[in-house]
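In the two complexes that follow, chain A is the common piece, with chain B as its partner first and chain C second.
Coming up: the complex of A and B.
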């Protein structure tokens, strides 16, 4: 199974399709789960703590806003672990906890910059586009090795 | 899905099926008699508990209509005070907007997965070309001279 990083990082569709075709999605939800179930100073533990912007310094410079660095402390380790990636652009839904444009840019840059296979698509809004979307993802995922690399 | 240190897992089961309702999925989970917590929602169910049990139950639920039931992991367990809207004065919980937007696309994806299973060949999509600047200028000129 290949670890596939997804963007948008909490996408239901991408997460489902990757598991469906036999690989492991690297999504934000798993990182958040680990953070909020690890006992620390905060009670209950929070998904972002004041420490996180410091961890984010590995991925973004000190003059970059703390919000970007905090988000990168969750996303950066996922990109480091990624063995492949699927990026879906043109998401009108990049708001909420996904809504930091600079983090999104940096995430996509670091993913493209890494020497891994990357598939780039846009969200489908018609049956024909949906079919192309699913077929391209399946073709991409089938080209990745199925055996466990770790 | 990577294993978690605490051994628990929460999954969102989103149903976009004409033949299966969220209550059917919930009943399937109750019938399994596995000790997990489930919460019915408008879009499907949330299942939380030991990792193996959750994965087993979710696999059974997906079998009800495999191309129209979608699953993803969720970070927070259902009813968690940090996210549950009961304690936050109402309104959609953080992250729901994104989920709702993707739920609108699920029928398209479900149909595409049906076609994929039936080996329907992919047809080439003809996307409309972007408007050329020269054509736009012509339109503007024709409007001005009208």
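Coming up: the complex of A and C.
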């Protein structure tokens, strides 16, 4: 089983595909779930406190806006854990919405910069492109080790 | 709208929930009995909003800001005020924030304010802005007051000085002005000075209004009828003293610690900005300049009007670097007059660059606050903007007079 980081980081379709192939998706949803179920923090809606952008300093310098660093405090550790990644560029908002362009640039850079298998695709806008899109993802996921690496 | 109703403030932001400031925004809203709401819009509008708005952006959350602004303007999301906010230091968001604010202002009567935050932004910083926004929405009847009636007192607890003004039947009959040390004690002193000058007894006072940083403490101590932030009070006081209560006006208040630039229409504030990046753009820098030149702050202006700012390179963007420029220029042989003129120019240049870009400057331009008495400041501002700057009588008492004026609304009640 391989830990696969996804971009857009909240894509339910990508996350589901990864699970279907027996791997573990590293997605924003899980991080947000952990945040909002943390007992003792009351900072709705996401329970991100002023401490989180400081944790984001590991990934972006202090002159980078707080919103980018706050997002990176969630995404950065996922990239650190990633053993493989799938990046889908120019995706429709319904496929997965990434709100901040600067965060997106940094997220993709850190993913590509890591020495792991990365599949980078463009979002499909026709049936034929869609089939090719799913085929490439399944081929990539099948190529990843199935055994538990941890 | 009754005083008890919650004011609905639309939060138009590009992800304040990720920056660690959401709880501070909620807290500031709660303190002024406001509720932050998130304007509903159709998700499909995100695909078309860029071309509708005419601004193409890379961040989806900025498209969301534009779509929400459109929902507010078109009334699909009924709100009383709008708080437009984005991360400090994000250029793309700054462009959208500015254009969204302008769009709402031009296409609706809904009060709007914009602010850029860091993770260190606190509810206290946001409170004055949120309070002003909700006051404009909630208390328009109070702001419509053009004449002072009865016997009222205004107390303005500023960061540097505390001011008191006593008014009777639309005239200032007593005033006091002392440095702020202990908030309550300083106000007591200023109040006593004003009482003595007015020749009246404290028990005859019919209503008290407090404003400034220490407004809550003073309001409680003096049992004030009106406790109000300085944006509303000062803009009201400025148009009252300048006798420009009808039509447009722009008010600039250079305070001891921060500045306000307020666009006013018929005495009611519209767009406003508060604060600068650093105290280098405030009266504090002028105080430090006077100290370094070895003159009283009251003398700095007279010296400045005799000097030429062009002869000294000074940028007080940061107060520390500003003082360094000042020391360097003196060390290189610059004369005090030129240095004083450069300090005044530097302060107004920052107000121009950082704040006047965010409000619509319409004449008359009324300059108030203690710094307006430093002659070099209105001169530098007039030179920079190429317009006549109005410094009304009692301009240093602006907050106290505004508070006394607005407090008279409670005499009749």
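We adopt the following convention: the second predicted complex is superposed on the first by the 139 of 150 C-alpha atoms of A that agree within 3 Å, B and C clash if a C-alpha of one lies under 4 Å from a C-alpha of the other, contacts with A are read in each partner's own complex, and residues count from 1 in each chain.
The working rule: contacts are C-beta pairs under 8 Å (C-beta built on N, C-alpha and C of every residue); 3 or more make two chains touch, one makes a residue touch a chain.
Computed from a prediction, not measured in an experiment: that's the story for all the values here.
Applying the stated contact rule after C-alpha superposition, one finds that A:12 touches chain B and leaves chain C untouched. In the superposition on chain A, A:46 contacts both chain B and chain C. Set side by side, chain B and chain C differ in how many residues of chain A they touch, and the one touching more is B. Within the superposed three-chain model, A:101 lies in touch with chain C and out of touch with chain B [touch as defined at top].
Of the two partner chains placed by the overlay, only chain C lies in contact with A:64; chain B stays clear of it. In the superposed model, A:27 lies in contact with chain B only, and not with chain C. For the contact definition in use here, the residues of chain A common to its chain B contact set and its chain C contact set are 44, 46, 93, 97-98. Every residue of chain A that touches chain C in the complex is listed here, in rising order: 42-46, 48-54, 63-71, 93-94, 97-102, 104. Residues 8, 10-13, 15-17, 19-20, 24-38, 44, 46-47, 92-93, 95-98, 123-135, 138 of chain A are the ones touching chain B in the complex. Within the complex formed with chain A, the residues of chain B that make contact are 1-2, 4-6, 8-10, 12, 14, 70-76, 80-82, 94-95, 97-99, 101-103, 105-106, 108-109, 111-113, 115-116, 120, 122-123, 125. The residues of chain C lying in touch with chain A in their complex are 14-23, 26, 43, 46-47, 57-61, 64, 86-90, 92-93, 117-120.
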